[in-house]
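Attaching a single structure in structure tokens format; questions to follow.
Chains here go by letter, A, B, C, D and E, matching the order in which they are written, and residues are numbered from 1 within each.
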Amino acid sequence: MPADAILEVENIELVYNKSVQVLRGLSLRVPRGQIVALLGSNGAGKSSTLKAVSRLLSLENGELTAGRIRFDGQDTAGMQPHALVRRGLFHVMEGRRIFEDLTVEENLTAATFALSGRDLPRGGFDEVYGYFPRLAERRGTRAGYLSGGEQQMLAIGRALIAQPALILLDEPSLGLSPVLVEEIFTIIARINRDTGASMLLVEQNAAVALALSRYAYIMENGKIQMDGPSDRMIADQDVREFYLGQSDGAGARSYRDVKHYKRRKRWLS
Amino acid sequence: QEEEIVIGASLPLTGVFAFAGVAIESGLNDYITLLNEEGGIDGKPVRLVYEDTGYKVEQSLAVFNKITSSEDVHFYYGDSTGFAKTIGPEIERSGDMVLAGASFATELNDPEIHPHAFITGPDYSEMVEILLEYIAEESPGATVAMINSDTEFGRDPIERTKAKAEELGLDIVLEIVTAPGAVDVSTEVLKLRRSRPDYAIFHGYVLAPLPEFITQAKELGLETQFMGTFWSMDSKQWADVGEAADGYMGVMPYRYYHDTAEDAPMLDKIREMRGVYQHSGYMQGFLSAMLMTEATKRVMASGEELTGDTLKAALNSIQDFDTGGIIGVPISIPGNSVPVGRVYRFDAAAGEMMPVSDWITLGD
Amino acid sequence: MTPGPAAGAARLSVEDVTLSFGGIRALGGVSFTAEPGSITAVIGPNGAGKTSVFNCISGFYRPSTGRILLDGENIGRLSPPKRAGLGMARSFQNIALFRGMTVLDNIKLGRHAHMKTNLLQALVYAGPARREEEALRQEVEERIIDFLEIDHIRNQPVATLSYGLQKRVELARALAMRPRLLLLDEPVAGMNREETEDMARFILDVKEEWGVTILMVEHDMGLIMDISDHVTVLNFGEVIAAGLPAEVQADPQVAEAYLGSGDPAELMRRLHREAAE
Amino acid sequence: MIIGTAKETYRADAALLTTRPQQTWTGVLALVLIALPFTLNDYWLYLVCLMTINAVAATGLNILTGFTGLVSLGQAAFMAVGAYTVAWMERDLGTPFPVNLVAGGLVAAGIGIVVGIPSLRVKGLYLAIATIAASFILHFLFVHWEAVTGGNTGINVAPARILGTELVSYFGLYWIIMPITVLMVLGAANLFRTRIGRAFIAIRDRDISAEVLGIPLLRYKLMSFAIASFYAGVAGGLWAYFFRVITPDSFPFMASVFLLAAIIVGGMGTIIGALLGAAFMTLVPELLRFVMDWASPWLPNATVLLSPVRTIVFGLLIIGFLVFEPQGLAEIIQRVRRFFRLWPFRT
Amino acid sequence: MSDWLFFIEVSLAGLGSGALLALAALAFVLIYKATQVVNLAVGELLMLGGYLFFAFAAGWGLPAWAAVPLAVIGGGLVGAVVERGIIRPMLGESAISVFMVTVGLGSVLIGLVELIWTADPRTLPAFISTKPLFLGEAYVSRKIAVAFAVAAVVIGIFLLLFRFWRGGVALRATATDQAAAYSCGINVPGVFSIAWIVGCATAAGAGILLGAIGGISPTMGVFGLSALVVVIVGGLDSILGALVGGLALGLIQSWTGTYLGGEYTNVVTFGILIVALMIRPYGLFGTHEIERL
């Protein structure tokens, strides 16, 4: 892999409430300009990893007890979350987290604070409305009344406004219809291609995530269990079994048959 | 019998009533010091045991319980009407003490209901009655406005004021009850301007919002004479207000610290002990201690036991008593109160309250 | 003691339901039926009104027109608690567990509408109140907790559980309501394949072993295709297609509005190749 | 070291006192409560009774605010309603005191229901402020409905009578105040073992989903208000017999703040929290009195500092607990218990 | 004097005290808008402002033009300290807890003032002329008129600020979701500090005006309760609501005081509050909380 990494995470340990350890020596890196996927089952600590990177942990009583995180070559320790954002690291949080009381447009305005010190986007909000026409229709509505998918669009729209160098995407497809999943991922790919923004993508939809990304990490219990180029991961037997739902043959197995299949993951013992 | 005489007290040394509490404390203590220097009562020293209450009934009660469960108390000085009413039943039940205090509530002045209570001066209604008698004397048929705060303290004399005014042929043209905590009095002043009374009697306030009231009224060219009762009659307090205070009048049962009347040996002593002006609460405390110890002395002289009944009887036996000039006339205590007072007027140039009437004793 | 659902699966009919918020029309005459003992899926684009339909059924929203029939009886005027009493249970799109309570208490809460303890009995906690509580405890332990394999977490506060387990506790709570009709709003959202498989197994088992009618909103087409018996498709608050899963999938209108090109992974790979060039 | 006891039946698991040490300590506490009046002087007995009365009111408030999540700053006003009812019945009807107490509770509960009606539409702090409003309106009633309340002068209350003797001493009063408190606290503890208590907690956590799960919101919110005010009413009734006079200023707005502070300091949403909080907040000002006494040789005007220091400490306690120990004293006790249970193994 | 003139005078006086209420309410709104904290200590901050002015003007003998800004800045400083010391650690806690923290803060402030200045009420050195002012024939107290003008200007400035300044969005975003605000690059601690500093400074300024009219005492904080009624009726997050609510309440209190009697002002005030809450649970101009399943 090329040496130039926009994000390097080295052996971080994370503890919530001074008692619950969630990450245990996790390391990963995101090369500049690339999309990297981070997969793992519920509660593995994916979101926590992203929060550690964007330093939003402190709001939830979390604390890094060991390890180092470097963004754009600089150690992030001691940096304020908003300062990181202004340097170009944007975190699209799990569960959308749009500002419910603000209108769609005001939500986008809020994101312009990430631009402090840099130029305002050329087309203003039109670029976002171009990607998501539905948002344009509802620009005066309070965001809390949007449907789940519309809210997800808004969350990604906010990231677009900020013109970041690295976007942390936490489950962008959560609760989206298939056509929207397709659309959102297409847009993500486009953003990556047009702006060269790097991305760290956390996703449950492993098929898409692996297709979109160049490199992938799989984590369990706060540690990376497996990593490698995405196309090689797709071929891995365990990944096929547990993340893609394909048994030995080529096609996906039916959910009706699952009862009969209950094999434990090999890497979990 | 006891080795020493203990007087208990719940004193508001802090909180909204601290200005009075601190003065009362000095007054009580000074008289007791004087008395002890002269050998106490029958050779027994008098001791004042007290604690701060912050002017909160529950605290006063806690202090009362704390003091009475560790000392043998026959006289107790309370800090508020609320306390006096709360502890009243207990005083009547135990029957072994008399309750004095900083409250002049009319309600306490009923020997039927409160046989063991005692007020060192006129009650609030009597204070206003003294003012009304003065007004009736000066300008018969005058119009009067009543301005009372919406508190128990403020509403206390309303009924009796109306009755007395009618009896004296005075016309109550305006009744104002101010909202608790109200700061802006302009609407009340407007009402005043509309009815233009000759006199306006405040009751239920210490200082605020009287100065603002008076200032605005003067601005509007009103010629109303403003008057107040004991707790809003301190000389120093008005001196701080400045020009606006000039001409304010009110009733005061005691002499002021700076009064140089000749028949007042006690005032000389007080000025000897305290080089600076003392708040009128001081006089109240001083006189309270004097009367409490006098009653104790009388009971002990008669060889009776110190109980609520004997002490109260001794208080009521006080006839034409000389207070050493604290009050300018000899006093008697027919019931629970000492219904005497005098009308003073504030002179801004002198910075002092000046007497404008003689001593008025009600019921004469 | 009568464990399990109250007397058999229910039949639900939604007839011509409309609903609007201010000026926005969320539902414009939606009708469909969930047959007793079947799994009916409601799919549709985001904002199509699926959750709104659920909210109308469970009584949280009052539709402006239309009827909602449970076993042929119009329940449109009943309050949510009354509907719950009739055997209607649901889970929520954004998990709505009671975070201050343990798993066990959350599940017990589901039974609320079927219990009788009154205030006086509760204060004294003797006789009927105690008997009722003990019976409930036994049933919850033996039928629900055991069935959903959550015995290891029963005394944990739900706030500390992972997403997948929380979804499972929601299902458990719904089961404690003795449902005859179970509404599941996106039961496998945010789950990976393995966890989805577990959930699929529970849903199928609930249908079969408890004999419950299930109405489900879900975006995971794989799951829908595999386990549902009937699919209704909503778009802009209107039904645009209904039928067997395979029929619906083949409908071009549905493909256009909802399904997209079909295989997002393939699309991604293509995009990727384009980008690389 | 005490290891968790294995429970063999669901009943044992649901019992209020599940471990042997818990049972032992409860026994000890009962003995102490019986011995107290024989050992304390009037001052301390007065404080114990006051603490106990506050504990009843705080327990009620805890049901409403700590468990149901409806913040009320009107609990003291409900105490006043109970106190006035008792005083009025004593004066005008002369009914026996148990009847009066229950009536005081019921009247307060009735008013509580009325005050609770906005709770369906109004949430959170808006509701808290509605309760402030209610308490000011009640205060107005106390002042102006003279026929019943005696206006500003208030009502003097005849002592409670039991078997022909009048309960006037703190010693005598203790024997009605303490048992009633114990019963009411037990009632509250029982409540949370049943569906009603669970429904309250569900409403606190998220009321709209509680409704869809079959909990009629209005009914339960009002029920919670009614219970809380019933407790306040009984506490107010006890207060009336204890102080034997009631005026409109007996229960100032600050008393409601005091009760809310008590449950915060004690621990919201735990039965023991209200008890600890009421005891602690009643005792601290008195303890400060002793502290200031001790400090007087060094601090020349210590007595004059007492009241402001008390005000400051009251504020600091609220702030300190919320910032550093949001679960309150109850959590501290839990930690101590865990420590001893695991002792000598530290966690 | 005609009844009409009297009515007009009473109304003018009401508008004047209403402006003060609005100014105090503004302090609530500013803090609430950014932090969703209902700061019950606003009344006590008002009191503190009055005492600071007293200390500077009477204690140090500074002229009013120096003492007023110093007291306002002092209020702001206290706001900064409070925010840093006890509000920021409460980030993420429930609204009720933070509300109670401010209740504690109020108590601490009262205690401190009593400790430093004792509980005696005091009069502020006069800095507003006492010459009566006549609008046509109608009399207005000059202090009240000055208070009205100051309040109107300050509120006007804030209304404009929130309308045309991007920072308004940052404030509201922070109030809705702190983590998300952070992730948008908003300096959340900065927003908190600013809101508290400006809010407390406003309260201190209102306190000086209030003290000039009615004198200062440790109990003057009860004024905060009336201001609280204003914000509840107007809407906790609405500056316009503070203005309209303040003026309306001032008028109503003035009318009740005049035509019913001062003892009725509290009942009427709180009666209105309850009615308003029943009709509009989030105030006249407040935003509805969104509740969805």
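Note that in this section contacts are C-beta pairs under 8 Å (C-beta built on N, C-alpha and C of every residue); 3 or more make two chains touch, one makes a residue touch a chain.
In this text, all values refer to a predicted model and were calculated from it rather than measured experimentally.
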item	value
Contact distance in steps, from chain A to chain D	2
Most distant chain from chain D by Cα centroid	A
Contact-richer chain pair (by C-beta pairs counted) among B-D and B-E	B-E
Longest centre-to-centre distance from chain E, chain (CA-based)	C
Chain B and chain C, separation of their C-alpha mean positions in angstrom	75
Cα-centroid distance, chain B relative to chain E, in whole angstrom	38
Length of the line joining the C-alpha centres of chain A and chain E, rounded to whole Å	44
Centre-to-centre distance between chain D and chain C (centres being mean Cα positions), rounded to whole Å	41
Multi-chain contact residues (two or more partners), chain C	51, 60, 92-94, 96
Per-residue multi-chain contacts in chain E, two or more chains	114, 263, 266, 292-293
Contacts with 2+ other chains: residues of chain B	14-15, 18, 150
Chain D residues within the chain B interface of the complex	41-43, 46-47, 50, 143, 151-154, 156, 159, 168, 243-245, 247-250, 285-286, 289, 303-308, 310
In the complex with chain D, residue positions of chain C that touch it	58-60, 79-81, 84-85, 89-90, 92, 96, 98-101, 105, 108-113, 115, 117, 119, 121-125, 129-130, 132-134, 137-138, 141, 173, 177
Complex interface listing, chain C residues touching chain A	21, 24, 43-48, 51, 93-94, 160, 162-165, 186, 189-198, 200-201, 204, 219, 221-223, 226-227, 257-261, 264-269, 271-272, 275
In the complex with chain C, residue positions of chain A that touch it	20, 39-43, 95, 134, 145-150, 152, 171, 174-183, 185-186, 189-190, 192-193, 204-208, 210-212, 242-245, 252, 254-256, 258-259, 261, 265
Chain A-touching residues of chain E, taken from the complex the two chains share	91-92, 166, 169-170, 172-173, 175-189, 287, 290, 292
